[in-house]
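This report refers to the structure that appears directly beneath it.
Chain IDs A, B, C and D follow the sequence of writing; residue 1 opens each chain.
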Amino acid sequence: MTDHIERPEYHISKNRLETLVDGIFAIAMTLLVLGISPPRPQDALAKSVLPGMIESLVPQVFLFIVAFLVLALFWLGHHRQFHFVHKIDPVLLWINILILISIVFVPFSTDVAGDYPDVMDAALLFHANMFIVGFLFFTQWRYICRHEHLCEPVLEKPVKRGGFYRSILAPAIAAVGGIICLVNPPLSLLVYIALPVGTYLLGHLPSP
Amino acid sequence: MTDHIERPEYHISKNRLETLVDGIFAIAMTLLVLGISPPRPQDALAKSVLPGMIESLVPQVFLFIVAFLVLALFWLGHHRQFHFVHKIDPVLLWINILILISIVFVPFSTDVAGDYPDVMDAALLFHANMFIVGFLFFTQWRYICRHEHLCEPVLEKPVKRGGFYRSILAPAIAAVGGIICLVNPPLSLLVYIALPVGTYLLGHLPSP
Amino acid sequence: MTDHIERPEYHISKNRLETLVDGIFAIAMTLLVLGISPPRPQDALAKSVLPGMIESLVPQVFLFIVAFLVLALFWLGHHRQFHFVHKIDPVLLWINILILISIVFVPFSTDVAGDYPDVMDAALLFHANMFIVGFLFFTQWRYICRHEHLCEPVLEKPVKRGGFYRSILAPAIAAVGGIICLVNPPLSLLVYIALPVGTYLLGHLPSP
Amino acid sequence: MTDHIERPEYHISKNRLETLVDGIFAIAMTLLVLGISPPRPQDALAKSVLPGMIESLVPQVFLFIVAFLVLALFWLGHHRQFHFVHKIDPVLLWINILILISIVFVPFSTDVAGDYPDVMDAALLFHANMFIVGFLFFTQWRYICRHEHLCEPVLEKPVKRGGFYRSILAPAIAAVGGIICLVNPPLSLLVYIALPVGTYLLGHLPSP
């Protein structure tokens, strides 16, 4: 497969791939809002009913914010991992396409989990989705570390290790969330607060 | 945190952040139209009922235009503030992510307020959303002014002051809107007409 | 206002404006498809009912294609007019923002007109929307021609005249559509076939 | 028509066309998720009913993944074909606009086929859509091969032939899918698994 990359017609420009990735992240992050179902009471009842209906949206809005922040952190992770990528090979391309499928699925799983946060299957769907995204980013980092001819600047040892801890964080948190979910589904969704905190703490390790 | 920015792996390219910001603004501005609910009368009744139904959409269309213009002004504000930003540090990055969450929420709050402009809670939701966006832009400008090592060209005193007045305008108008809303919700939504007018008048002060 | 453009902080980059414009065009063109309501018969009836339901979507699909082509032609028109624009001044910026509002409205008016092509008000909404977009593009071209300091390369006389005919075509066709609509709404929607034909014929005149 | 391209005002920048194409691909790929209808049981019933409802979404999710992968492959095909394109002429522009219309239609046909995979007309709609996209890409490649003045680097014979086989693959698979569909609609949707496999095998031929 190595010789494919050498042939000019197989060259996949890093720039155009990043445009697609950034575009899909931007759209998925914006579509999250469609998961918050606008209340539609009858006009006559609106004044008395709407305040309560808006309050009952709190769990949906909370999960919207959580999902947005997690996507923003994944977008940042993509940014940091690709900082070192110089050439795209077919494997890296397909890891990215799998990442994009699971990112596009997030507005759906957020919608379901936001509507029924106390139903185990709904919350599990969300955790499973986050685990898959996280696992794919972890896989991507492993692949980048093992194929140094794709990289520039060269990856130094501490950078590799820092990126390893950083990219194992998200799938680990999602797995913990999945386990807690078996006992207490709504509580399990709070687990993602550990993601920005953990990423910040790992910021003192070398990166990305 | 300052030394983070020095390490190449922490470098967040201004260009890729602007792409995400522009993308999310473009999508949020376009999704606003989904808040105007297309009338769906039965085919047999359509000819007699539809004209009235289209007329009753006027408040929704009006708020769609208001929200679009306000978002366009915020996009412009981002453009102007980032004109001086040369390097992105983690704090600036997170201010931007918070700005994006509140921008993505706008199609939802516009939808609710457009459907029930005479219900206080619906109009308040819209004012609160606009206040938060405005306040975050104000915070961003303060942060930029106080961290001159991120800037290029250097910020001169009158430019700082001009940007200060300009970025305090939106949250001030949203706060006034919120107060009027306690008395007269539909009227309070007209307050945003002051935003383009005020921005124009402040155009005679140094900028951004 | 001229001295505003000279001040660096008022500089609006042509590049970032084009990104916003291209983004909003791309999203509006894609959202058009949401106007085609997917049939949702009950599973038990689907086999017998669905074929007829799909056939009855023909007018919606037809108008979807028309609206997509018209938007593509407007996008192209933007491209051609901006070929000559070198600097953006505040007036040009605001013409663009007005263009974008009316572009974003197109998925809504297409949805309504596609659902009720034989109701006069629905078809008129579509013609009015198209007329406004066309008129704004016409206005933009006039403004560009009269403010040559914004242009590079310099606009030669035949180029100006060619662009004039070209940009008067869309609003003229929409106006004719509006008049035919008073007599025969569904027929009036066919009028836009004249737009690609006319643009092609005008291609023999100097451009844009 | 050749002299049109020489005139500067007819110049359509490859870059801005690619931005529109990438944008529309990104949005269409993300809108696919809206085709998966989130289950909305009553709160009281949710715990007992939701698991079964989520399971019954499997065919929709499967087709969502298929459609996403096919769109990703088309996006890649566009990337590869445009690698050789240096200048855009009006015919190439219009082939691209037709490609975009049929890409934008994919979320709709995927939605219908995902909801009713065992109804022949629904699955046929999907195959027809895929066939049209594939046929347009095939046409585009033929056009590029026959208009070498638009190309750079020059197309060598084996590259032309490789691109020919590659671009005939998608419409051929869609045609086979359409034929199988007459006998067994749900089975026919599995045919697209041959697309990544076939593209991989053809990777040993010269490209794109």
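In the analysis below, a contact is a pair of C-beta atoms (placed from the backbone, for glycine too) under 8 Å apart; a residue touches a chain by one contact, two chains touch by 3 or more.
Keep in mind the model is a prediction, meaning the values are calculated, not measured.
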item: Any chain in contact with chain A as well as chain D; value: none
item: Magnitude of the superposing rotation for chain A and chain C (Cα, nearest 5°); value: 180
item: Distance-maximising chain from chain A - centres being C-alpha averages; value: C
item: Interface numbering overlap (same over half, different under half) for chain A and chain B; value: different
item: Centre distance in Å when chain B and chain D are each reduced to the mean of their C-alpha atoms; value: 35
item: Approximate Å spacing (C-alpha centroids) for the pair chain B, chain C; value: 25
item: For chain D, residues contacting two or more additional chains; value: 19, 23, 27, 34
item: Touch-based graph of the chains, sorted into line, ring, star, complete or other; value: ring
item: Set of all touching chain pairs, with the criterion as stated earlier; value: A-B, A-D, B-C, C-D
item: Residue ranges of chain D touching chain C (in the complex, touch as defined); value: 4, 7-13, 16, 19-20, 23-24, 27-28, 31, 34-35, 90, 93, 97, 100-101, 104-105, 107-108, 111-112, 115-116, 118-122, 125
item: Residues of chain A that touch chain B when the two form their complex; value: 18-19, 22-23, 25-27, 29-30, 32-34, 36, 38-40, 43, 46-47, 50-51, 54, 64-65, 68-69, 72, 75-76, 79-80, 83-84, 153, 159, 162, 203, 206-208
